[in-house]
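The structures come next, written out as structure tokens.
Both complexes shown next keep subunit A, but they swap its partner, so subunit B is in the first and subunit C is in the second.
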Partner chain A sequence: MKNESHGVMLVFAGLNLIFLCCAGGLFFFLIFESYPILKLHGFDFWLGQDWWVGETYGALPMLYGSTLVTALACLLVLPLALAVAIFISEFLTSTSRRCVKAVLELLAGVPGIVYGLLGVSFLSLWIKDIFGLLDGNTLATAGCLLAIMILPTVLTLSEDAMRAGPAEYREIALGLGLSKWQMATGVVLPQALPGIMGAVLLGIGRAMGETIAVMLVVGSLDRIPDPWFNIFSSAQTIPSKLGREAAESIGEGTHWSALMALGLTLFIMVLLINFLGNRFLKRRSIS
Partner chain B sequence: MFRVLLILWVAIGVIPFPASADHSPKIQIVGSTTVLPIASRAAERFEKFKKIEKFKSSHRLRILVNAGGSGVGIHSVARGRSDIGMASREISPSERKRFEGSHLKVHTVGVDAVACVISSEVYDAGIRDLTRQEIRDIYLGKIRNWSEVGGPDRKIVVVDKERHRGTRHVFMSFIFGNPTAKTPGTILVTGSNNEEQTKIAQSDSAIGMLSYAWVNDEVRSIGIRDKKNIVNPTRETIRKGNYPIVRNLSFITAGEPNGEVKAFLEYLKSPEGQQVVEESGYIPFT
Partner chain C sequence: MSSATFEKGMVFFLSILTLLVSSLLLIILATVFAKGLPALHSGFLIETSEDFGRAGGIFYQLMGTMILMTGAILISLPVALGSVIYQTQYLKSETGKEICRQLGQVLNATPTILFGLVGYLFFGVYLETGVSWVTGSLILAVMILPTLQVSIREAIEALSDQYKETGMALGLSPWSQIKSIIVPQCYYGIITGVFLGLARAAGETAAIMFAATTFSGIRLPESFSDPVPTLQTHMLVLTQEAANPETLAQAWGAGLVLLSLVFFLTVMAWILRGRLKMEAEL
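Right, the complex of A and B next:
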């Protein structure tokens, strides 16, 4: 019996190793491919503002666009997702809860291109009309679109986390005379925080990596808006840049190397955010 | 229930996929979105044509056409990722140098013009032509309002294209004398002809560059004015060479084509093929 479980563990360990190798391999591939441009430009690659193929490569506008668009999406999603998640988990009957969840999970699986086309045909025009802009292809449009895209994921996972809290806690809280609302915000929410954090990190991951939907509405202009906080101006994100230019230069030259360095940057950004998120959670659980 | 699903799932995995077992001859075409309508129309007819001519049903030729832009077309045919590349511009000297070993061969099938286009709202408000200098200043960001060139008092949405696109190369060569000119006045960057057409149609004050065949009621072409002389892009002016921004539409192969690829290119140059070029909105190359 013991031997048998040992064998199973070995298989699992082997599978785990494959995943580790994939992630590590990807990382080293990106470093290897982006080495030429980093050798050429050094740290200036991330500080340069001009991207002219064949002349100079500066990643700052893309870096900035990616960060801003993701932050905007999170800012829009978080309050909405939390409010709705509390409502679904604490106030809905279990039948209607299941229906809502099914719909949400369906929405979470809709591919980016569908959102992208809806964004081009409706969202960008609405944003243009509502804010009276010159043009509707802006950072704000991309942020809104991403918010809509990641909302189902963040929402349904947050709700799972809230639901996962022990039933006794709820009973005790209600038994102590707390109102349902007080129970939800004072007992369920703090309990579910790690799970919610995980949901948000997953959402950020998707938002940062989304290519086609953003590409269609962000305006694809490699320039930092003027002034920098002007979200109603077109800009560029890392995946959108890769989507527009990768096919032209696959596998060779400085241009390719620069694009791979952009990929590396995105990789590191996602790693960093996950790392910080986990640190935050650990610190909370210690205190 | 679960068991049924499991069996179904395994069964789906086990059934051989019909497409993967298909070894019929295949031509892959990638590149310019301007040339793409010619390629897809011709592919459809050529497949039918071939069926009648030579092949029995067992041996069907498949032609796959994909977009991407002229730069992508040239790059992918040179690197062997496709059989034919489509380009709506000349192969640039740097590309010639880079892909020297591939012996790229250009097969021109049609002629097209790059029109300077504006949103129909601006057109209706009276803008019918611009000089080269005015277009240049708009793209440089020196002219930012339509009123500065005699139009309505609205800011200009300057639409540019991705830098490797054939249409941009040809347009910028004429406007700036440099195919990769920098354009600080740009507000939006688009990719394919379709994308640019949509974005200009959605705006009420945009200017951009499009293949002549993509001009419609929402996206109007304007004339190029030189002193008193105005030339509008029409079939007549393009054919005669009066309109200044014209270009060849080409299919590119690495080395001399042979087999199916050769037959397809010959079909394109035949009267039937040239008919396809004309139907796609371009001028046949003769």
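Right, the complex of A and C next:
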């Protein structure tokens, strides 16, 4: 009897160990595999501007591209998400609120490849025509597409943060004779700011790791745009670089090691952003 | 302008924005449908693709996606269920539980392409499964693990203490409690997780594109070391190499099927989740 239950516990512990190994192994392999290139190039790996397979590996253009695209998506998505989240949380009836939330959940599940196809067929052509460019595959295109992709996530989480504010505050505000609009912008919004920050950070984390859609519209040129703020030029992000080149050198050589080091960089960036985002969301729910 | 009119105007403006955002779903659906229409014909789902994807149907691609999805869930479910049961029933230390939860969040946030890279290296190269549907299923299994865990954990934590206390009072061993109380009572949570996990696996491209798939040639896998064609990678190749409208229409058609599959799975998960909530309220 005692032995049986001990054995059962071991089975479950073993399954939990598999899960822990999945998470730990991911990090371990990224470090292990990127060690050769980091030993070879040292810190210059992140500062180098040239990526010639077989000669030199510099990650700066990819780092810069990822940062710029994500920042762009964030700038585009923030005002829209804020405005719509206020409306959903404060001005909609609970039935329509649930409908909108359901639509957002479906939108969040649309596969990246479908967004990619939409981006290639419409967005990049529109951007090319509107701004009179030679090539519609630019940082701006990728930024817009990412903004659309992370909008549902950011929106839903911001709305949750707004709803989480205590009902008394709303009642007191209305009781003091504030209008609903004043209550929403003056009472609910400031209360929900940390939660909204968290929502945006989680959205950024998602945007950074998105591969397929970005890969199809970013233009895939390993260089820093000239001048640096020119968002209408082709560039490269870390995931799209990985997606383009991983198949060429899978499993061996310096090239592979360099790609894994890029992956490690991306992993650490996403992890930090996500950690911060969760901190903000949690602080909201405790206070 | 008085402040009342200003406020009314702002609220109106916000309502228009909300309407626009909500109609995004309809716009996407309508576009995919309209663009894919030329490729859709009665046999689209059951015919094989011909002429490098320019004509015909997507039978083997659909099968490939299904194989990878099913494989992933079959591998992932026992691990997810077992690890959550261990964390909630056996693990006593709060720190240990918190570490497990944080690691789950880390897995959930990890960019999917990294699962593809590391997964291929570990399974494909070190365990020698090569570029095959087995590798793909294993990679997707790791990827959907946190999705399953979250659903199952929610269901177990929502289980009322009365059940547990009754079980203990009856002198049930931990295993009997798990077998006859926890798993049957959290059944819907498990199924919800399965559907959400399937939906996530179906929509994933980056993790499997160089580890498990092929564009043409191989049809249904005949051994463990065969790659499969999938809807996602089919779309990717067609999109990148499309030169004529018929090929693109095929990509859109495949997209429509993929989108319907993902939405169907998500809605199924909702229906079961709704049932779960109702049971919890009883």
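The rule is short, and it goes like this: the second predicted complex is superposed on the first by the 247 of 287 C-alpha atoms of A that agree within 3 Å, B and C clash if a C-alpha of one lies under 4 Å from a C-alpha of the other, contacts with A are read in each partner's own complex, and residues count from 1 in each chain.
Throughout what follows, a contact is a pair of C-beta atoms (placed from the backbone, for glycine too) under 8 Å apart; a residue touches a chain by one contact, two chains touch by 3 or more.
Worth saying up front: this structure is predicted, and the values here are computed from it rather than measured.
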Superposition-derived comparison: subunit B or subunit C, residues of subunit A touched: C
First, second, both or neither for A:V8, with subunit B first and subunit C second: second
Which superposed partner A:G136 touches (first subunit B, second subunit C, both, neither): first
Which superposed partner A:L125 touches (first subunit B, second subunit C, both, neither): first
Partner chain in contact with A:I250 - subunit B first, subunit C second, else both or neither: both
Partner chain in contact with A:A23 - subunit B first, subunit C second, else both or neither: second
Partner chain(s) touched by A:L80 [first = subunit B, second = subunit C, both, neither]: second
Contacts of A:N274 with subunit B and subunit C, given as first, second, both or neither: second
Which superposed partner A:A167 touches (first subunit B, second subunit C, both, neither): neither
Touched partner set for A:E105, first subunit B, second subunit C, both or neither: second
Subunit A positions touched by subunit B in one structure and by subunit C in the second: 120, 216, 247, 250-251
Subunit A to subunit C touching residues, read off their complex: 1, 4-5, 8-9, 11-16, 18-20, 22-26, 29-30, 33, 80, 83-84, 86-88, 91-92, 99-100, 102-107, 109-114, 116-118, 120-122, 148, 151, 155, 179-182, 202, 205-206, 208-212, 216, 239, 242-243, 246-247, 250-251, 259-260, 263, 266-267, 270-271, 274, 278
In the complex with subunit A, residue positions of subunit B that touch it: 68-69, 71-72, 75-76, 79, 81, 94, 98, 155, 157, 162-164, 180, 182, 186-191, 195, 198-199, 202-203, 205-206
Of subunit A, residues touching subunit B in the complex: 52-54, 120, 124-125, 134-137, 216, 219-222, 234, 236, 244-245, 247-251, 253
Touching residues on subunit C, where the partner in the complex is subunit A: 3-4, 7, 10-11, 13-15, 17-18, 21-22, 24-25, 28, 31-32, 35, 78-83, 85-87, 89-91, 100, 103-107, 109-118, 120-122, 124-125, 142, 145, 149, 173-175, 178, 199-200, 202-206, 209-210, 232, 235-236, 239-240, 248, 251-252, 255, 258-259, 262-263, 266, 270
